[in-house]
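You will see two complexes here that share chain A, one where it goes with chain B and one where it goes with chain C.
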Partner chain A sequence: MNMELALQTFFDESRELLTDMERILLQLESFPGDAELRNALFRCVHTVKGSAGIFGFQHVVSFTHVVENVLDRLRTEEIHLSQLLADLLLRCRDHISLLVDIADPEDAVRLASASQRLLTELGPFHSVTPPQTPQAVVADSHQQHQWRLSVQIAADALRFGMDPLGFIGYLSRLGQLQVTTSSQAVPCLAELEPESCYLSFELALTTDASEALIKEAFELGNDLYQVQLECVQSAQLAKLSAGPPNDSSPELLARTIDKDAGQAHRRKPPAQHFRVQADKLDRLINLVGELVIASASVSLNAGHSGDAVSRESAANLNLLVEDIRNSSLELRMVAIGETFQRFQRVVRDLSAEIGKDIQLDITGAETELDKTVVEKIGDPLMHLVRNACDHGIELPAVRQQKGKLAQGLVQLNAYHESGAIVIEVNDDGNGLNRQKILAKAKEKHLLTGDGHLSDSEVFNLIFEPGFSTVEQVTNLSGRGVGMDVVKRNIEALRGSVELISPGTLGGTTFRIRLPLTLAIIDGFLARVGDATYVVPLDLVVECTELPKALCNADVVSTSHYINLRDEVLPIILLREHFMQPGTSGRRQNIIVVRHGAHKVGLVVDELLGEQQTVIKPLSGIFSHVKGLSGSTILGSGQVSLILDVPALLQQVSQREDSLDRSNNRHVRAPLAAC
Partner chain B sequence: MSYFCHFNAEQGCLRVQGELTIYQASATLQAFRAACASMQLTQLDLSQVTDFDSAGLQLLLALKKSAPEVQLRHHSDAVIKVLSLTNLMTELDLDPLSGGV
Partner chain C sequence: MKQSKRNDVVVMQTEQANEQQYLTFQLGQEMFAVGILHIREIIEYGNLTTVPLMPDFVSGVINLRGSVVPVIDLSIRFSRGQSQLSRRTCIVILEVDSAVSCAADSGSEVSALQEVGIIVDAVSEVLEIAPKDIEPAPTFGTRLRAEFIAGMGKVDGAFVILLNVQKALNVEEMAKLASVVEPLEQSHYG
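And now, the complex of A and B:
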C-alpha cells in the first residue's frame, strides 16, 4: 500500500474514532453503568494510540497512553466518571485531535505545554505506574531498525528537477544503505526519451534514525515518488520496548489481543464500507451529468429519425441512464445524523458556560442528503443552535417562574418533503417579541415608512445584516453578525429559511428547506415562445390547461389570479415576467408548483414533458435576474433556463403585499420594483 | 560550452567531455544513436565527464541495452560516485575493486 494513502487512512480513521469517543463520553455521562460503553471508549483511544505508533507519531502515543491508562481504570471500575473527569476527558479528546492533525512531531513541540498541563490534571485519575512511553521513546531512538523501501518514480521526475540520486545520497548518510537499482524499464537508445525517468529502486537501510527522518528524503518530490516504507525488524528485538510497532511487553501484548478482539467486534456489522476520494466521486457525477445530456440528444435524434428500432434502443438507454444517475447520486448521499451529533457537545459546553440546563433532542438523524450540502449546512446550523441556546432558552429561574421545566429543550429535526429536505431547529424558550424587533428595526433604520407588516415579515427582519435585539452582547451570539450570514449561506445552497414563532415547541422554530442535490434533477420542460424553461419536477403539483375564457392576455395579466377548482391560485405569466417578445398562442397551460405552503401557477405556451436535467450554473452577469437558478443543455444542444421556484413565489407574495398597500394606502412600497 | 561529444570513427571510440546531465541528455542521445548507426562504435570514454546524474545514467544503461558489445572505459570520479551509490558498477563495466577498467 502507498504510504501517503495509508497515512490518509490513519487521519480519517482517527478522526472517526475521536468523534466516536466524544459521542460515547456524552452517552456515558447519562448511563455511567454501561460496561459496553466503557469498553468502547477504551478501544477508541487504544486504536488511535496503536495506529499512531505504527506511523511513528510518538507525541500522539505518549499522550494517548496516559489517557488510555485512565480509561482502562474506568473500564475496570477502579475509578468512576465524575463530572470533572468527563470534562477533562473531553478536553483530552480535543487535544488528541489536535495532536493527530499536527502529525509532524517537530511541530508537536508547540503543544507540549498543553499536553503537560492535561497530563498533570489527569494525574489523580492515573494508576500508580508512571507512563513508560517517554522513556521508551528515548530507548527507541538508540535502537537500530532495518527498513525496507521500495521507490517508484514518476516519469516526469527528472523534468521537474528531481533526481533520485538526491534521496539515495541522503539515505546513505542516515545509516548503512544497500541499493538495488532496477534498470529493466530503461529502453534501448531508439526508444529512449532522454528526459523521462525509467528507474526504480529497492533500498535496505539499517539506521537508528526515526521514520520521519527517513521520510524527509522524499519530502521534496512528494507526488513524484511512490514510496513503500516497511520496518523489517529491530536490531535489538530482545530488548523490552513499549514503542510500537513492536509491543512486546506482556501487558501490551494482552492489550493488543484485546484490541484485535475489539476490532473483530467492530467489524461485525454487515454493512461494508470502503473509502473513495471525494474528487473521484465528483468526477463521476460530472461524467454522469454529461451522459444524461448525451442520452437526451440520442433519444431526440432517434425520435426525429422515425425509426422504431432506434427509438426503442434510445428508450432503453434512457432508462439505464436514469438508473445510473440515481445510483451515482445516492453515492453522495449521507445521513445528517453525524452533523447533528456534533451539536450534543456544543450544547453541553454552551449550557455549562451560560449557566442554563439544556437538553438537545435529535430526530430524523437518518435523513439523507447530498454530501456537499451536509458540509455546508454545518455552520449555519451551528449559528441557529447557539442562538436557540443563548437567546431562546431562558435561565432556569425564569423558566420556573413561568411554570416550565427548569431544563430547556432544543430540538433538531430533519425530514423529507417533496424533493427537499427540511431541517428544523426548535426551542421551547422565549419565542420572539414582535414589538422589540420592530423597535429595533426602526432604530437601526432597517425599516422605512410605517406600513403594516405581517408577523412573518417582522420575524424575517432578524435576517437583515446588522440586526440584533439582545441588550447584552455575549461572546456566543448576538453581535448582529450571523443571522444574515446564515440566510446567505442557505440561499447559496438554493435553499430557504423561515422563522416561526411560536414554534413547534412553543419557542421559536427555524425551518430550513434545502434541495436534495445540487447536481442533477428531474425537470419538467415547458416552452414559452422560442424559449424553454425547466421546472424542478418535484415541485410540480399538476398541469392544466388555462381556461379558454382567460386566454385573453389582458384578463390574466390584470387579475394575477385564477379560480382553480374554487381555490384562489396566484399566477405568473412567464412571458410577461421574463419580458419575452411575441404574443401567446391560442392555447395556454398552467403548471402548478408548490414550495412549502405556497402554490403558484406558471402560465406557459406548451408543456414538453419530463426531462433529466443537469444543472449548470449561470454566469455572473445573470446574477441580477431574479427567478432563475441555473441553466441546462437540452438534447438538441439548446440552452434552457431553470426556474427558481422559491424566488418566484417570493416575488408573488411581494407583489400581493404591494398591491395591498397601493390599494389601501396609496403608497407603493419599494419592494414592488422587481 | 562545457559539453562536447567527439566520435573517433577510426578507433571506434566516443568521448563525452564535460557534463553529462539532463541538460545534455538530448544531444548526447543523438550522438549515441549516430555512433551506433555507424556500426563502428566499440568503446565509450568517460574520463572527461565532470558531472553525472540520473539522466546520464539512463543514457549509459540504454546504450548498454542497444549495444552490449560497447565497452565503457575510464570512468571519471563523478561517474564512479553515482555507479557505486546505485550499485550499478558491474552493469556499466566498472570493476568494483579497481574503480575503473
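And now, the complex of A and C:
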C-alpha cells in the first residue's frame, strides 16, 4: 500500500467531510428535527476520526473523539442543538480542519492550547448531561460494566495499515483497560515475517460505554479482526483473570462481530464518481485543443482539394471532434453550488459579528462552470458578499425604521446566459448613494471636470483603487482595497462585473459575467485587411452586410451608428479602431454582437464563418493591450487574435464623449526610439 | 545529497563551457552575439500575425508548434530602422526571464521563462569567446543603450556586440512601451 497516496486520499476525504460537516451543521440549524442530518453529521466526524486513527494522528483522534461524543449525544437527542452549541461545533470543525492540515503530530503542539480551550467549552455538552435529566447521569455512572474482549488479528493486518495499538488506544480512553498479549503464535525467528501480525489480545475493560461504542474500535478493520465481546459482572472479574472465558455464562453477550453484516453496512452505493488528478485532465484538454486545431487544418485542406469524399470525411471528423471537445470540457465543469455554500457560514458568522440579522438565499446552485473559473471566483465573491453584509444591509433597528423586515437578505444567484455564466450578488440594503460617491470621487481626485455622469458611470467609480465611502473602517471592509481587486480578478478571467443600484432586491446588485470555459470556445472568424480576428460565437447575434451607401468611409466615420431594422445600432470600425493600414474593400459586413444589454455592430471586411478555437494566452508583452483577450491558431497554422468584446465596448463607450474627430490619425505611434 | 552535489558540479562545468559560446548574427552591417544558453532555436522568417496597437518594434506573433510567441524587430528596437527582409532573414527564438506583474494574480509578480523571437538579417555561426577576450562596453559609440550590451567580444581582430538579452528584451519594459501607445492614440481624438 502506497502510504503517500493513501495519505493524500485521507487529506482529500477529510477536507470533503469537513465541508459536508459545515453544510450539515448549517442546515441542521434550520431543521433541528431532521434525524438523518444528525446522523450524517455524526458519520462525518466519525469517519475523519477513524481515518486519522489509521494513520496514527493521535492529535486529530483525541480531539475528534470528544466532538464525536457530543455529536453522538446530539444524534440520540440527549442534547439539542442550541445556537451556542452550533457556534461551538462550527469552531470545532475549523479546528479539526487545522489539525488535519498540519498532520505532523509534533507540530500539533502549537494547537494544543486551542484544542484545550475548545474541549473545555465542549465539556458541558458531553460529560454533564443537560439539567432536565440529572438522574440519568447518576444512573449512567453506576452502570459500569466489565467487558471481556478477545481479539484475534489477521496476519495481514499490518500490511493493510491496521495498527492494533489503534484500538487499544481507543479502548483505553473509554475506561480502565487491562491488556494481556498472547504471543503463542509467534514463530521462531527464522520463520518470522516482520510484516505479519502474530499477536492476539485479551482485554478487560471497565467502562460505562455502550457495546456499540466498544465495537466501533474494530469497525475500520472489521474483516481483519475477529472479536469476541462479552459482558461480565464485577464478581466474575476474578474468574476472568483466572481462566479462559466461560461460554455457558448466562451473561454471555459474546458475539463475533458479523463480518458480512459489517461490510454490507459500510458498502456505499455504487461509485458514481471517481477521482482523477486535475493535471491529467488538463493534459487531456490540452490535447483536445491540439486535436481541434489539427481537425481545422484537415477541413481546410479538404476544402482546398475540392474532393467531395475527403470533404465529407473531414466534416464527419469535425463533428466528432466537436463532441469530444464538449464532453472533455464537461469533465471539468462543476456546479457553482459548492462555492456558494461556503458563504452560508461566512454570512452567519459575519452577521453575528456585526450585530445584524442576515439570511443568505442561494438560487441556481446547480449552474455549472469550468473548475478553473470556479477556483478563481471564490475570492472576488467573498469580497462582494462581505461588502453586501457590511455596507449593504443596515442594522436591524434602522431597517425597522424604514419599514423593512429586521432580517436582511443577501441573495446569490447564478444562471447561464448566451454562453456565459452570470452570478449575481443581491442585497436588500440601502443601495448606493450617488451624491456620496461623487463627493468622495472629487475628494480623491478621481474625477476631473464637472461633466454629467450617468448612474452606472458613478457607480463604477467604486471599482477605482482606494475608493471607499464608508467613514469608518471596520475590520471587515471599508479600507477601499478590494473592489478594484475584485474587478481585476474578474477581468483576468475574461469576465466583467457591473453594479446596479437599486438592484433586484432594492439594495445593490453586482452582476458578474464569466465565460464558461477558459480553454476552447466556438469562434466566428472575420477578416480585416490582412488580419483575421475571432469573435466568440456566443456573443454573435447576426451578421449582415453594411448598407452600400455607408460603405463610403467618410459617411461612416461621421456617424457611428446605423439603422438596423428601425433599431439604432452603434458600430465599431475594427480597421479604424485597430489603426490598421490600408483601405476597406468595397463591400463590408457587420457582425452584430451582444454583451449584456448592449448590442453593437463590428464592421469587418469579410466573414469567414465559424470555427472551434483553442485559446492561447498572449505573451506578457501584450498584457496591456485592450480589446484582445488572447490568440488562437487557425487550421492554416496562422495565429489569429481573439477579440475581447466587453473590453472593446468599454473602450469605445469611454471614448464616446470626446469624439472630436480629426482625421490626422497616425498609424502606430513612433515609439520605437524609446 | 552527495550525489546531487556531484551532479551540480558537472552541470556547472558544462554551463561554463556553454557560457563561453555565442551565436553571432547580423543586423544591418553590425555583428551581434547572444550566449547560446539563451537560444531555443532558429526558424525561417514567415507567417507573422500583426498585433494591432503595438509599437513598431513588436512585429507580431508566430505559431511555434502550438504556442504563440511574440516576435521583436531588433533593428527597430535598437533604433536602426525596420529590418529589410531578405532570403537570409530569420527568427531566433530566445528564452527570457520574464517578471510581469500579472492582473490574474492580483498584481503579484510571476516569474517564468518566456519565449521571444527576434528578427535578424542573417545568422552567422557559433563562436567560443573566452572571458579574457571580452572587453567592457564603451559608454557611447555603439548607438545602443549601454545596458543592452553585456560586453564587446574580440573575434579575429574585430568586435562583436554581446547582447544582454535580459535587458534588451525585457518583457516588462516592452509591455510598458506597448501600453503607452494607447493614450497617444487617444490624444488624436481629443
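Just so we're on the same page, the second predicted complex is superposed on the first by the 511 of 674 C-alpha atoms of A that agree within 3 Å, B and C clash if a C-alpha of one lies under 4 Å from a C-alpha of the other, contacts with A are read in each partner's own complex, and residues count from 1 in each chain.
Here, a residue touches a chain if its C-beta (ideal position, glycine included) is under 8 Å from a C-beta of that chain, and two chains touch if they have at least 3 such contacts.
Since the structure is predicted, the reported quantities are computational estimates derived from the model, not experimental observations.
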{"item": "First, second, both or neither for A:S172, with chain B first and chain C second", "value": "first"}
{"item": "Partner chain(s) touched by A:C188 [first = chain B, second = chain C, both, neither]", "value": "first"}
{"item": "Per-residue touch tally on chain A - higher for chain B or for chain C", "value": "C"}
{"item": "Partner chain in contact with A:P164 - chain B first, chain C second, else both or neither", "value": "first"}
{"item": "First, second, both or neither for A:Y198, with chain B first and chain C second", "value": "first"}
{"item": "Chain B versus chain C as contact partner of A:V292, first or second or both or neither", "value": "neither"}
{"item": "Which of chain B and chain C A:A420 touches, first, second, both or neither", "value": "neither"}
{"item": "Doubly contacted chain A residues - partners chain C and chain B", "value": "none"}
{"item": "Contact footprint of chain A on chain C as seen in their complex", "value": "47, 49-58, 60-63, 66-70, 76-77, 79, 98, 100, 102-104, 106-107, 114-116, 171-172, 174-182, 184-186, 188-190"}
{"item": "Residues of chain A that touch chain C when the two form their complex", "value": "290, 293, 376, 485, 488-489, 491-493, 530-532, 578-580, 616-628, 631, 633, 637-641, 655, 658-662, 664-666, 668-674"}
{"item": "Sites on chain A touched by chain B in the complex", "value": "158-159, 163-165, 168-169, 172, 178-181, 183, 186-190, 192, 194-195, 197-199, 201"}
{"item": "Chain B residues within the chain A interface of the complex", "value": "22, 25-26, 28-29, 32-33, 36, 53-55, 57-59, 61-63, 65-67, 82, 85-88, 91"}
